[in-house]
């Protein structure tokens, strides 16, 4: 295992210390239980927006805490959803009296832990709504399974909900923004290499030099199919087709196109991916009105990418363009 | 070779097309010769600031074109400095009548190609100054060698000079800002893995599972020494010590601390590195007043990091905080 | 004869030990069809439980189980945390105030633990989860009581049933938890959670061998 | 006898071929002490030169060399582009208007090419660069002229000197170019630029074998 770390068990703690040193102007870090809150929170009358999940997906979620996005983030152990007491404490810390939205990625562990936290917070008199993102079309959805994973749309939903909360919308309205993003966004990912979970010390799966995994999530899980490596244009087609046909997206739709890096894939490749994804979107008559390109929801040092489409309306465009000031996403301020 | 590309010879062209699709609001891309210019340039009366170098270091330099930073960037082939005609055309394209600053990284190829371009531009009546960055303390400087490499400070210098030009300072004054950054900034890097140049198809050097290279540059060149992998805290000490003792930085100095990812190292590790670098800076009495953390000057998919210190004064702080709106760096606007 | 407070404590300690010993194994199983953390998660949780031991060693069995559950919930995370947390919380609720348990008390506690896991995770038998080890273990225990088996024999039968259930997860296609994302590719692998459940119940059979 | 315009064109074509054949080799040498692009860079440049051939095949030798130099400058990049660009520009300047070259003309052109490279790159003999192949090649050529050697013999001696110079770079510690960053670690590797210089001069000896 080649990583720039000390001991595997210290990764999350030391990362949090680094974040605290680096971004003290934007965020405050609490330890035991671990969570990151806006330095200027809680904000009276503003809905608190919080998310959380396993570590190893940086900048998500801790890098998105700040004005116009999240009020708090709860980092679990690497790839392990945080515990209810983290989310409970974070919920209490950001509560400005207007209620708190939990943005939860659809994983059994995240759901159960967030549910427990919400129950506990409600018992303490805090109004809590939870919206579960589940945008990964690589997973066949069904009533009888865990459903689709929450992936790329989560980042976009956090931005939109943060902006809506900043406008002092009600808890229900901010949650509605999240539900809209959940309903209008779809993602698919692939990997060239596995990642290595620090305490495991070796790659989660073996992927030969000439093979790739299509339909991976963000936890080093093996994907749906393994196949020989292809030129990127063909890979992008394999990702875009199931995304576009899922909702489906229709000619004339205005979309945000998000090309995400998995952590080990450099920007030069992401632009080559964006190029093809943009052309395919155009061919389907989709109008790419906004984009995001970079490593925003990662899987440690995995090489790979995910593509997310989110159908936009006027309100979402305004929320997207609204100022945001976080360590990982910043504009307009 | 595992890369999300089509043909190696199309990498730069297709990347530029992706950038053009993605950032048409900020930049315009010209082909044959290849260069990227601000969409709103040239700006009358403003010094043009341009840089260039081999591709494979993204977001540098193309990602730094836009308001408050570069007026143009010239991408060469992967790891190959651009040709004089690219720089000449870019110089002409950004010339607003106040002269043009060439920010050149200290590599034989870059220097020679930029020199030829500057000569040609001067012959066409454009005032050109060139400043060469050479901040890499891994290389022993001497009159009889190529000198130190230009690395991390280049990114910081581009931001500072871009802001100075935005204030309509004179060519000499903007160049002075660059010289100041050059004189006050130092960098050292290391790698866990080699990168693979697309047309070569295999790693530039072999680095066994338990070894690392200390003192690498940004072109997959082998470093100064190879040694067994160590806990990151020790690695950061090995990088910080020669940086701090070089100028040297002194107790009470205000510094910008830049922890850079080489392309394949995820953010979680960069924060762990930042943590230790910050503590070491503090121990030496240095006051970290600004920071930058992320993959800004990369070496394809290489796993590794570089640390840069830049001593700041009031003017530099104001220039650093000034608005910038580029694909790769954005704040205040 | 019955299971005393000290027996209960000994079991929790034994579980912490067996989880620690098998941490890499559990994580390997999770790497194949999950996210390679089940062993590390459980080990972190039971280490925390061990740290709580001094505070609870003079308490009743219900308190011991509930504290174990609370500690797992606040230290494990993932799916395992809430599920095993609920498991021990429910077992604790059934045994509040008790300083010793008869075999029937234990069977009731375990059945209650199972319903807690079912309620929390909403998995059904055959979904390729810990439920597939826990359900047959509870059933075997109840049958053994009906058959008037001695405690050690009953516990052994229960652990064996858990083992068979665990092994029975191998051919299954997962419908709950992370492994479900793999679809057909999840078949051919043993479920990590079913495996930890077997280890936990087997530790009871081993620790309480002398009880009957 | 003398080197005609067609001989000059044949040489440029031969260089393009030999660079293409050795592109991987040159890049490997560059990988060891540089940045793994010398072969690809030179190959891209000479492919562009080949594309220019139709435009210049009826021109004088000076124009052929100058066009080659300009094309290399605008397509190669890196250190190789300006250096080999200057090499051919300087050779072209010395041969402007000529439709054929005597051996002395060629020696003068090559000497001028060398001074161009020295001026542009500021390397000295022993810095582990292309200069270490080019300098002895020029000296050997001048000596051969003094010794009244026939053209083919003189060109052969010049190429041999380039080869010896190239091999002589192996033990050297680089003081110019990227390899200098390696310090002592650059010793033990042959310089890629010296190697391409040898290939270029050897192509002249081979192509112009029949000239004398």
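Letters A, B, C and D mark the chains as written, and numbering starts fresh at 1 in each.
Rule of thumb we're sticking to: a residue touches a chain if its C-beta (ideal position, glycine included) is under 8 Å from a C-beta of that chain, and two chains touch if they have at least 3 such contacts.
Predicted, not measured: the structure shown is a model, and the values here were computed from it.
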Hop count on the shortest chain-contact route linking chain A and chain D comes to 2
The chain whose C-alpha centroid lies farthest from that of chain D is chain C
Per the C-alpha centroid definition, the whole-Å distance linking chain B and chain D comes out as 32
Between the Cα centroids of chain B and chain C the separation in whole angstrom comes to 55
Chain C to chain D, mean C-alpha position gap in Å, rounds to 76
Contact graph of the chains (line, ring, star, complete, other): line
Chains touch in the following pairs A-B, A-C, B-D
Chain C partner, complex, touching residues on chain A are 33, 54, 76-85, 107-109, 112-113, 116, 138-140, 144-146, 149, 197, 199-200, 204-205, 217, 219-222, 224
Per the touch rule, the chain A residues reaching chain B in their complex are 2-7, 11, 14-15, 17-19, 21-22, 55-56, 58-59, 63, 192-193, 209, 212, 229, 231-233, 235, 263-275, 278-279, 288, 291, 293, 295, 298, 300-301, 303-305, 325, 327, 330-333
The residues of chain D that touch chain B in their complex are 27, 31-37, 40-41, 44, 73-83, 120-121, 175-178, 180-183, 185
